[in-house]
Amino acid sequence: MAAPLIDQDGLEAPLAGVTRPRLPRKLVVGGVIIGILVVLAALAPWIAPYRFDEMSLLKRLKPPSAAHWFGTDEFGRDVLSRTLLGARLSLLMGIGATLLSLVIGVPLGLLAGYRRGRFDEVLMRTMDVLLSFPPIMLGLLILAVTQPALWKAIIAIGIVYVPPIVRITRSVTLDLVNEEFIQAAHVRGDSTRYILFSEILPNAWPPIAVEASLRITFAILLGAALSFVGMGAQPPSSDWGLMVSEARPFVDSAPWIALAPGLAMCLTVIGINLLGDGLRETLDPRMRSQRGA
Amino acid sequence: MITYVAQRLLAIAFILFVMSVLIFGITQVLPGNVAYMIAGQFATPDVVAAIENKLGLHDPIFVQYWRWASGVLRGDLGQSLIMERPVGPLIQEAMARSAILAGVAFICVAVLGIVLGVVAAVRKDSATDNAISVFTYLGISVPEFFWGIVLILVFARYLNWLPSGGIGDPAFGLPVDPRYLILPAITLTFALIAHVSRLTRSSMLEAMRSNYVRFARAKGLAESLVVRRHALRNALLPTITVLAIDVGFLIGGIVVVETVFSYPGLGRLLLFAIERHDLPLIQASILIIATIYCTANLIADILYAYFNPKIRYGRPAH
Amino acid sequence: MHWFSRSIIAGMLLTAPTWSNSAIAQGTLRVAFGSSLNTLDPAKTKIGEEYIQNFLIYSGVTEIDRDGKLKPDLAESWTASEDVKTWTFKLRKGVKFHHGREVDAEDVKATIERVIDKATGSVARVNFEIIDKIEVVDPQTIKFELKLPYAGFAEILSDRQARVVPRDKLDTIGQEPIGTGPFKFKSYKPGDRVELVKNPDYYVPGTPKLDAITFRIMPESAAQVTALETGEVDLVWNLPLESIERFQKNSNVTVDSVATSTWDGVIMNAAHKPFDDVRVRRAIALALDKKALVEAALYGHGSVTHTMISPTHPYYNKDIAITGPDIAGAKKLLAEAGHANGFKTTIFVPSGRPPRERVGITVKELLKPVGIEVDVQRVPWDKFVKDIEGKEAFYVDGFFSRPTIDTSIYPWYHSKGSWNTVLWNYKNDAMDKVLDAARGAKSDDERAKLYKEFQALAVNEPAGVVPYVLNHVNAFRKNVKAFQSSPMMWLDLRQTTVQ
């Protein structure tokens, strides 16, 4: 996977350093790229010219043409159709895994920040342990114990990215618990659940959202890397990482098989990165002031 | 400072212990039974049982853990089930090769990253700055495996300048022919350089705005001297911290890069072990990799604490 | 950034000229193959790359040569009792293991007992289960008592897993193999290379000719191709079929191809409708154009055949013709079976086995004209083994050559065969009779006759379609002399030299 941003304690993510006041453009460009991608992914089964697994020997390894814009692969499958369908898998992987890490991480982070004490201590040490594995290693460790499959990769990536979500949620919660309105709710005797989800969360979400938007690209890249080394999506699915991996023997005779999903992947990641940067600049006041300096 | 380092060391020791339990626990529930892998397609239940018995897979799990953990502490990483040879030397050889690749990539990342960062900062908002910014943006957006394949396509297949993978014959006292390092090292560098160059750029900019740089300028010192002697020296401190963290990311990236370039290092060894459900080899490789990662993080923490005395006492705020 | 890209390119230009002519050590052959080895212990070997080491480092009791003929190896002679149940082998005198000790009958006994031992987990164990008792008569003589008459016993002893190992080194041969073969083990770096050196004491005088062999492990076929083109290696073992064409145009490289008895098959599981009806199976066999399958799946690098007995084998039945597809005949049979309008079915192929995947797709196209609509499903290998083999109705499978004719056929076609029950559930009394008789047949003529009868049965009442046996292809540079590919897919490098 490409290098994730630094989420080490106290270190500013370096992306922040280069962002110049071009905020709307990043957001717009990223938004347009991702918007188009989401539409294509959603409509893929209807707009793809062929079925993603339709094979034909007569048409194998054909270069791009009017009938097959991105050419065909070693089984005569249409690379364009497969790439389109693959967009769904990549987005599913990125968004699915991120949602999973949010679903697990946000409540834990809220509770840890609100309760403090032993629960907090144990939880944060557990997160330290998880963070002590390089992300791909933790993914591999989880996948090594089962037969690889797409949904297992999603779960593994979701787990890998729980700790950063817990950390950010906890730190925002810590800032908020001392606010008057939370104290008031506490005094009123509101249930913990109510305080966490109805009082704290609505005020804590912007930094979490920024964090989550960054996680999506990491999740997509990590998922593609896992598929690439054979531990994620399995054939005949048209996951981009898997497609690139399967195209390797033909890289000089039929480079289009690897190039199409590879470029699609790059475009997606760039789009989400731009979108995430734009979002971060809009939502995070700290960044805004820093940038102006 | 010493207290802080001691604290961190203690924490790492604890983390490593929990990690070893985790690695062992997870891998030991591996459903694709290794005995089946050894016996092959014709395996009958009694054959499998005989092999399981021989390997001690019937012992209670904590007995198995103790056998493994006490061995690891004595420096004995166990015996590869599939290859029937000690895991230690296997890992050592693979690690030496990975270390060479990672080392080369690390030097490239450090040198090029700092140079690009400084250039970008000095020529802030110029075309050069923008070009560097785009370049590094691509770096973090292009997956290593795709970038690697593009390099193979161009430099190995079309131009035929460089080998497309493998390690060649040992040369210059290295276990690896240096020509085989070029493409994988470029791939890793490209993926990681963004960190360093961006951080260097922003801390350079900050340093150039600082009072002492202004003062130096006011004294009439040449701009190049100001940059080199005053700004750079201060700006590099956070960069050094980030470099230590990059060691960790290198380890992650190396699994993929070694696959793309058929480079027989630690990452490939791990994937080989996973494919064959070779438990001791999986356990030992992950433990080793995680230990290196932890150590790199520890060094990063200590460096950070060293340069930012504020947080030295107590853990950094979350 | 300019200086950066310029210096990189300058660096590449500097290295470019030297890259293609690395020095060649005199008398050392450099071979590339695809997979890292798991073990060097012959009893536990399972893949081609390991078998190569078995044959170079070790000797067998007997040997099967390139033409499929049985020859003495460590045993200089042998006799069988009248009922082919008792076999006595006389060992050659003075053959030394690489660590200096002479081979004796105790070593042979230990070797075979180890293969039979369940805890060893040898894949060859089933072949040796017929042994009842092993007796060392004297240091040079060993006697086997079998549970049943078995005429092919001397052939089984040439098996890949039954290479003779020293009984005093059983614990270490997995890492440091010691045998009696033409080459001695020097080193193995997993994932990287295996190095062997000449055994000057090899029992055949004047061989081997090479000083040393280096095997380079290169999993990517593209890397193998480049390495051969640039002279980084001298020989690529088991060349990927899709790169053969590239080398046929290269004047520095010889492409050497030989028919093996490794086969792929279109499996029709008789436990499922409609394949329980032999007429349906025959109809499909008639519709499948074997020549087209060889072209499509193997780019032409295979030989059309009736069964796994390859056309070059002395037992091959030349009286049965292999004709083109008979669409009318197939339709007629289908109509008789009640499928006048054809039917829909799914064929499963394992992913990561490209020729079998291509067979599946071709079958789909070849069955269209007879009205059978086939959906091709690719499934991962482990799922294929777990959920498809023996469980689904229609799939493509394939098997490596086995050293003897009986072990290549019996497990698949006999109703009690180990593979039959997990593959196609084929039951044919006539077939069982022929295969049983062949096991006890004493003369070669009698066996040949029975196996020809087997082929006729397999064609007329098919269990599935075996369209071809694969060619095993090696590519080597012109400096390699006296090398010939073997149908067993191992490398016989005893006479080979490099210049």
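Quick notes
In order of appearance the chains are A, B and C, and numbering begins at 1 in each one.
What we mean here is this: a contact is a pair of C-beta atoms (placed from the backbone, for glycine too) under 8 Å apart; a residue touches a chain by one contact, two chains touch by 3 or more.
Predicted model only: the values in this text are computed from it and were never measured.
Nearest to the common centre of all protein CA atoms is the CA centroid of chain B. When chain pairs are compared by their number of contacting C-beta pairs, A-B comes first. With centres defined as mean CA coordinates, subunit C is found 45 Å away from subunit A. With each centre defined as the average position of its C-alpha atoms, the distance from subunit B to subunit C rounds to 41 Å. Centroid to centroid, with C-alpha atoms defining each point, subunit A and subunit B lie 21 Å apart. Among all residues of subunit B, those that touch two or more other chains are 32, 152, 157. Residue positions 147, 248, 251-252 of subunit A are each in touch with at least two other chains. Annotation for subunit C: residues touching 2 or more other chains are 220, 222, 382. Those residues of subunit A whose C-beta lies close enough to touch subunit B in the complex are 1-6, 8-12, 14-18, 20, 124-125, 128-129, 132-137, 140-147, 167, 170-171, 174, 217, 221, 224-225, 228-231, 241, 244-245, 247-248, 251-252, 255, 258, 262, 265-266, 269-270, 273, 293. Here subunit C touches subunit A in the complex through residues 220-222, 240, 242, 296, 351-352, 354, 357-358, 361-362, 364-365, 376-380, 382-383, going by the rule given at the top.
Looking at the complex, you find that subunit B touches subunit C at residues 32, 35, 38-43, 46-47, 50-51, 53-54, 82-85, 90, 93-94, 112, 115-116, 119, 128, 131-132, 135, 152, 155-157, 160-169, 179, 182, 186, 262, 264, 268-269, 272, 276.
By the touch criterion given at the top, residues 1, 4, 8, 11-13, 15-16, 19, 22, 36-39, 41, 44, 46, 117-119, 121, 123, 125-126, 174-175, 189-192, 216-220, 222-223, 226-227, 232, 382, 385, 418 of subunit C touch subunit B in their complex.
Every residue of subunit B that touches subunit A in the complex is listed here, in rising order: 11, 14-16, 18-19, 22-23, 26-27, 29-32, 120, 125, 133, 136-146, 149-150, 152-153, 157-158, 191-192, 194-195, 198-199, 201-203, 205, 209, 238, 241-242, 245-246, 248-249, 251-253, 255-256, 259-260, 270-271, 274-275, 282, 286, 289-290, 293-294, 297, 300-301, 304, 308, 311, 315-318.
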